[in-house]
Amino acid sequence: MLIEFNVVPIGSGDSIGDSLAEVLKIVDSSGIPYKINPMGTVVEGEWDELFELIKKCHMTMLKNEERVTTHISIDDRKGKPNRLELKVKSIEKRIGRKLRK
Amino acid sequence: MLIEFNVVPIGSGDSIGDSLAEVLKIVDSSGIPYKINPMGTVVEGEWDELFELIKKCHMTMLKNEERVTTHISIDDRKGKPNRLELKVKSIEKRIGRKLRK
Amino acid sequence: MLIEFNVVPIGSGDSIGDSLAEVLKIVDSSGIPYKINPMGTVVEGEWDELFELIKKCHMTMLKNEERVTTHISIDDRKGKPNRLELKVKSIEKRIGRKLRK
Amino acid sequence: MLIEFNVVPIGSGDSIGDSLAEVLKIVDSSGIPYKINPMGTVVEGEWDELFELIKKCHMTMLKNEERVTTHISIDDRKGKPNRLELKVKSIEKRIGRKLRK
């Protein structure tokens, strides 16, 4: 399954880059396939490993914050591996040109 | 923490009420405090128990479907219990009148 | 169509009730059918009127804040009016018992 | 402001690539800066132009579908242009290494 998630602290200033950097270090060193975009991180794998990672990110953010919001979107399609790479390519193939990524 | 979630099957017709009913039976009999609204279900508790419930809902939906999307929003605020009841009441108190629920 | 939305300021403290109260006054006095829940507000109507309302809420929040996040979920189903009331009732009918709201 | 959105038809089969391709052609030819990822499209600009685009995408999808869900996340931060490029770079700078995109 594909999951996009983002973790946002509420109430500690409008610049949250340092907190986000700590979270993304966890993602990057997890070994789980991911792609980061300006609004979140997309990961691919099985439920338990992905939610172990997301919980770790959420709890790490919560250590130094009073309030944290986390948004998670799951797209789970049977028998379709490597959608992290193939989903966008499949759209590009249909359109017949490259899209901006 | 508060979590709102919804589980939606893609591709089995535009009427998804029977599948949703099965998911909501799981929520209702879980013993976890919840409130249902037209766009999702809000539950309150700790990470592990809530995600055990959401996983069960997602996997139940996936049994009879080829593709399922699940959206999850977490609002986690330290030292604030019973927000399922109190969050809306706190807003009403500030406004000085009842809101529609 | 049904739309659930919430507007959250980032960076002005973890208690955001006063800002939310101002936003919900706008919703309550708009004349648009709505239901509030602990995680957001569900409104029903046509695209233009609903997004005029959501823009007003977002921009009002932004007046006193440096950074605002707004999440919006649309469920648009042809030929189905009054889903604000009927969607949950339809599930309850299928299950054969009342759910908590 | 940055907005991530995705438009998903419910009920017309689990392969929705053709419909998505049509929507992404609209985005690509709009002239609005965007980045596509496996779970959505991130666009940058002002409220009115972005919601004109999103409405067009939603309504195009609805032409051939009975039911469409659209999810929209807004991150609006005053005085910060070109966050489509800079937001991820700012995180990479803090971490001191490139992230996967």
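Observations, loosely collected:
Note that the chains take the letters A, B, C and D in the order they are written out, and that residue 1 is the start of every chain.
Going forward, contacts are C-beta pairs under 8 Å (C-beta built on N, C-alpha and C of every residue); 3 or more make two chains touch, one makes a residue touch a chain.
Predicted model, so just to flag it, every value in this text is computed and none were measured.
Two chain pairs are in question, A-C and C-D; the one with more C-beta pairs in contact is C-D. Between subunit B and subunit C, the centres computed from C-alpha atoms are 15 Å apart.
Rounded to a whole number, the gap between the C-alpha centres of subunit A and subunit C is 25 angstrom.
Subunit C and subunit D have CA centres that are 21 Å apart.
Shared contact sites, meaning residues of subunit B that touch two or more other chains, fall at 14, 66-67, 69, 71, 73, 75, 77. Taken as a contact graph, with one node per protein chain and an edge wherever two chains touch, the assembly is complete, since every chain touches every other chain.
Residue ranges of subunit C in contact with subunit A, taken from their complex: 8-16, 65-67, 69, 71.
Of all residues in subunit C, only 47, 51, 55, 58-59, 62, 66-78 touch subunit D in the complex they form.
Those residues of subunit B that touch subunit C in the shared complex are 2, 4, 14, 17-18, 20-21, 24-25, 28, 34-40, 42, 71, 73, 75, 77, 83-84, 87-88, 90-91, 94-95, 97, 99-101.
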